[in-house]
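Working notes, structure below.
Chains here go by letter, A, B, C and D, matching the order in which they are written, and residues are numbered from 1 within each.
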Amino acid sequence: MIEVHDLHKHFGGFHAVDGSTLTIKQGSITGLIGPNGAGKTTLFNVIAGVLQPTSGKVIMDGEDITGLPPHTLFGKGLLRTFQIAHEFSSMSLRENLMMVPADQAGEKLWNTWFGRKRIADEERALAAKADEVLEFLTIDHISDERAGNISGGQKKLLELGRTMMVDAKIVFLDEVGAGVNRTLLNTIGDAIIRLNKERGYTFVVIEHDMDFIGRLCDPVICMAEGRVLAEGTLDEIKANEQVIEAYLGTGLKNKVASA
Amino acid sequence: MTRRDALLFVFVGLLILVTGFAQSWNSALYILNMGLISAILALGVNLQWGLAGLFNVGIMGFVALGGLAAVITSMPANAEEWSAGGFQVLAGLLLGAGTIIAAIMAYQRLPKGRTRGLTMVAILIGGFFLFRYVFDAGVEAVEAVNPASTGYLGGLGLPVLVAWPVGGLFAAGAAWIIGKTALGLRSDYLAIATLGIAEIIISVMKNEEWLSRGVKNVVGLPRPTGVPYEIDLQNSASFVEKAAGFGLDASTASTLYVKLGYSLLFTVVLVVLLWLAQKALNSPWGRMMRAIRDNEVAAEAMGKDVTARHLQIFILGSAICGIAGAMMTTLDGQLTPTSYQPLRYTFLIWVMVIVGGSGNNFGSVLGGFLIWFLWVQVEPMGLALMGLITSGMSDGYWLKDHLIESAAHMRLLTMGVVLLLVLRFSPRGLIPER
Amino acid sequence: MKKLLLATTATALMTGAAFADGHANTVKIGVILGFTGPLESITPQMADGAELAMKEVTDSGLLLDGATVESVRGDSTCVDAGAATAAAERLVTSDKVNAIMGADCSGVTGAILQNVARANGIVMVSPSATSPGLSTAEDDGLFFRTSPSDARQGVIVTNILQDRGVNSVALTYTNNDYGKGLADAFQAEFEAAGGEVTISAAHEDGKADYSAEVGALASAGGEVLVVAGYVDQGGSGVIRGAIDSGAFDTFYLPDGMVGTKLNDVFGEELNGSFGAYPGTDSEGAATYGEMAKAAGYDGTSAFSAESYDAAALIMLAMQAAKSSASADFKDHIFDVANAPGEKIFPGELDKALKLIAEGQDVDYVGASAVELVGAGESAGNYQEIEFSDGVYSTIKYR
Amino acid sequence: MDFLNAIVALANFVIVPGMAYGAQLALGALGVTLIYGILRFSNFAHGDTMAMGTMFVILITWGFQSAGISFGPLPTALLALPFGIALTGLLLIGTDKMVYQFYRQRKVKPVVMVMVSLGVMFIMNGLTRFIIGPGDQRFADGERFIISAREFKAMTGLKEGLAIKTSQGLTVVTAVIVVAVLFWFLNRTRTGKSMRAYSDNEDLALLSGINPERVVLYTWLIVAALATVAGTLYGLDKSFKPFTYFQLLLPIFAAAIVGGLGNPLGAIAGGFVIAFSEVTVTYAFKKVANYVLPDALAPDGLAQLMSTDYKFAVSFSILIIVLLFKPTGLFKGKSV
């Protein structure tokens, strides 16, 4: 589904992604793990078009999508969420979801003045869909709340919810569980599995919670220092020498840094 | 609109009414008319800032382009100037445009490298001299014709009302060019870039005499249909008779009548624009814009073409400023390029938007009226205040002298204080975004 | 006394229009000048000049059976036609001024004339709007100015330069209707007379730096630099740069550039430079200068004398018309300004009022040698000045 | 000989005035850039801060002059400068406590801070005129020239003169000293280093125990010094008038951005780029060309690229071109 070939992203002298090559299979829930600073989020950002790669290629379904802007990728069914929730803070939860679908008639300025009937019908359908999604995510009781005022975990659900407003092919989830309590995390996990099964979404998940990864993901890819170290089931990864060293190394470094 | 918002509008209405009773109805109506124009300007800026978060500090330039449109649309063509060199000027301009297009094409067609750079430089330099050669001679010929009273190409001789939408188009065209080049910049940089471009527009208008007489001003623009000249009213027996019926003398009645005519025209424009803006704001389009303003990165990831939308709203807001600029020049009856100063035509408009409430169309309209009222009335109020403060001091005391002499500077001071107070205690403006 | 006038102005404003009708014997003259904005530094002296004339008339007690003349100030901002019109609107319709002394810059003057003065039939006498365009503006006989049109000055400058055998000049002008109008008029005249203008470069007033202008002017060269600017604006800045860099030694100074400030700022450095400004006689200007000094301001500041004259003309015309209504006295401004009649100088307004009351003719000369021609503008009699020993003095009249 | 004349003419009309103007812009731009780098907003009130600082200096200078204190051949204003800086410092710190602090603690968007500075600009604008009036103020004294055009011609026997005013020399020398002290302060002292750390990464700096309010305080003090020095030098070289100082804001911003906002080195470079572009693009090269080229090739016209009318447009066109091709300025500025 997605192939990444020898991708590099350099910031000045710092090589955040340093020659990553990986493949994401259609219909899978792929886990992406690695110690802090391994280049996971940068890799996401490059694939999703937020950052331009220094070199390398990204292929989606045989088409070269390297460096295309995010809104174009969205049109091709590639969606993503953010490590730190990027909600539209001044808008209600329902509005946050309703704005997602592309090519709404009401987004044409002309129609806002002269196509009122069409917009009204469209809006009704969108609102219904949004409410459905909110209910699915168990946050329908706060659907009129401003997104800026809800908790961090709820924002994560909202992010996930946005991907459900359209027919996505592949969804990149960046630490969707960070700062979320266990119950909510399970809810999110359930939602991901359901979407994968029922709608056939492909997922790529960055996560530090290994239980979560273990429950959802197959395969799991481990990154360190901008490169792919290993790929396999979580157990295989856990047993990999290089992986252990990578985690241990940074663990030691962390200890030194915090001392 | 909430009840509080409505009360604020009533309050501003009262301020104007009080002006009418305490000073004169002519003053009140004039404040109302300029207030209407200010409200339209604030509406345009609010569209860019409140709805899209674009920090445009080049309002002055768009207002000036509107003024230019008023001249080019409504003044009669000067045949003598046209035959002297008008077509050569046009040819020169076409050459200039052609040079730029050729350079851009070279940039796009040729492979990256030294050849491309050199070709572009060669095209630009060659084009520049060719342009100057043709253009300068034409300009000289045009400007030599009767320089004391015309010396420019004149306009199309159309009704001045046509100039209002044309002003919008001029501003939109400029906004398109600016947006294409500068919208990718960060907010502070965009601000400075627009500030600079506005200055460039003004300096072109000041110095290109063939276009609109430059600093020598074009006076005597025609009035819109439906707005007569006072003197004609005063000479019309039937009007004087009617005025007497209201208990008014001819000169008061005629001046009020003319001002009311403008008020009516301006109100129509404001209401139409406000309706359009409100409908747009409360539609999926407005929702998308707010999403972009709240979080550009997420909006981009959700499939919204942020750059294109920014360009769209930048053009729209600027076009509204252009319309207001054309209206203002129509009201003044003349185009005076030296009068375009950033303090008045850019920063004051910003005060209006922020005090009124950015993101809320009604807020910016209110801000337009309120701040314009203060801008005009702080001056006599300042004088009165200084009179009050110094009333205890003896005549000839230097401080008294100094304070009264300085009263006029209360205007800027007050604007600053009002802006800071609102930012501090009601940071989202008097009528905040809902 | 000046302060008293100001104070009464303030109180009058506070009480508003309600009182205006109560004082039957009060004449109000609006003083609309750019108290803020680019000309804000010469404006106070202009307003003081106008108010000095009003005080003189009030003190005499001779105008229209002892009327008090009150000044109502309004801010034209010089550049903002909207604000200027609003101020004029307030003065005319709320304070009910009988006439307007102003405005200063040609742009706002035109706006006020078209939008307020003509609409309400109020006489306007501008001390400083010199744009030739205003000569032909429709004014219903309401607009006058005590400064000559720039077209006239172009001829004067050419004559003076030619008499001195100067055939090649560089020209710089302040980039507004005054400067550009004068520069155009002069250049056309000078070239028609066989002279050469090596460069005509604009300078913006109130800008940061004039090195570029001076550099361009110096490179173009010329025997004399003609500086069509303002003495306390960019004009002096350009001269400063030209002297300091040794680009030019001799300057021609038109009306906007002549002021005692030149003596203070440049002194000896301008020796040999020359120019001309309106006036047929030094007597009036000198008297006025002393009167101003006694009143505590600088009467030689640009257009201050013209302001005094503008206010004086308004009041004398009122006396001649036996009415303070603009419609009545607008036709008398020419009579009092021009011959025949007894010549009137600054400080002699009481004499003039008395003469007029007795039915005699006066010829107001005033501080700036007023002589109205054509469409109600100053005829443009000039006094030629030259610098020697660090001060300028009048050497000839033209 | 002709070649020498050409060089001297160029130096006199382009290089010397360009250097002085450039130094003045650089000092102003340094203030803007520091505020941007450390406090993270574009300060629209900077031009008027310069005006107020200069106003203090002028008032004190007048006091000195009437008390008979002078500074020999140098302008008395230099003696008044430290007092002026102190007063401006107090003013800016007061403004910060009363206005900016509130917003900083709320961590508002930078653009809101820009709006706030707009309000401060209006107030300072009014206050300056209220206190000293809108007119031209003269306060320069001492020797006017280091070398005048006439002296130079007599000395060298060249046809062209070269003049260097005391104020021009002073401007360049002072600018060099101020910049040297500033860089020493930023790179060598503990406070300076903490300011740089704060500018580079606020959160990291806070973690390492830097007191942000102290950094802010020092920033305002340095800005006060820069603004007052720049304003005073400018006033000595040209003249003091509040309106002009507001107008200075535009070229100063252009300089700071061309150089790269937030980068002190960039501000200095930017100042000179803007100053020289204004002077050279509109310079009529006729005279220089006449000296250098053989008669047959000497130009008939002025050899001027653009008329001086467009001087202002030139600096902004450069600004926009730089922004388009190098969005963070010539020297890498911040892109917060």
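Worth a mention:
Following the convention adopted for this analysis, a residue touches a chain if its C-beta (ideal position, glycine included) is under 8 Å from a C-beta of that chain, and two chains touch if they have at least 3 such contacts.
These numbers were taken from a predicted model, which means no experiment stands behind them.
Contact with chain C and chain D alike is made by B.
Across the assembly, the mean Cα position most removed from that of chain B is the one of A. Ranked by how close its C-alpha mean sits to the mean of all protein C-alpha atoms, the top chain is B.
Separation between the centroids of chain B and chain C, computed from CA atoms only, is 31 Å.
In whole angstrom, the spacing between the mean C-alpha positions of chain A and chain B is 45. In whole angstrom, the spacing between the mean C-alpha positions of chain A and chain D is 49. The set of chain A residues that touch two or more partner chains is empty. Residues of chain D in contact with two or more other chains: 129, 133-134, 307, 309, 312.
Annotation for chain C: residues 36-37, 44, 175, 202 touch two or more other chains.
Working note: touching chain pairs come out as A-B, B-C, B-D, C-D. Touching chain B in their complex are the following residues of chain C: 3-4, 6-7, 9-11, 13-14, 16-17, 35-37, 44, 73-75, 77, 79-83, 85-87, 89-90, 92-95, 105-108, 110-111, 114-115, 118-121, 131-133, 136-138, 140, 151, 175-177, 179-181, 184-185, 188, 202.
By the touch rule above, chain B contacts chain A in their complex via residues 276, 279-280, 283-288, 290-291, 294-295, 297-306, 312, 316, 433.
Interface residues of chain A facing chain B in the complex, by the touch rule stated above, are 48, 50, 69-71, 74-75, 79-80, 82, 86-91, 95-96, 98-100, 102, 104-109, 111-113, 119, 122-123, 162, 166. Residue ranges of chain B in contact with chain D, taken from their complex: 53, 55, 181-182, 184-189, 191-193, 195-197, 199-200, 203-204, 206-207, 343, 347, 350-351, 354, 405-406, 409-417, 419-420, 423-424, 427. Interface residues of chain C facing chain D in the complex, by the touch rule stated above, are 36-38, 40-41, 44, 175, 198-199, 201-204, 206-209, 211-216, 218-221, 232, 236-237, 240-241, 244-247, 264-265.
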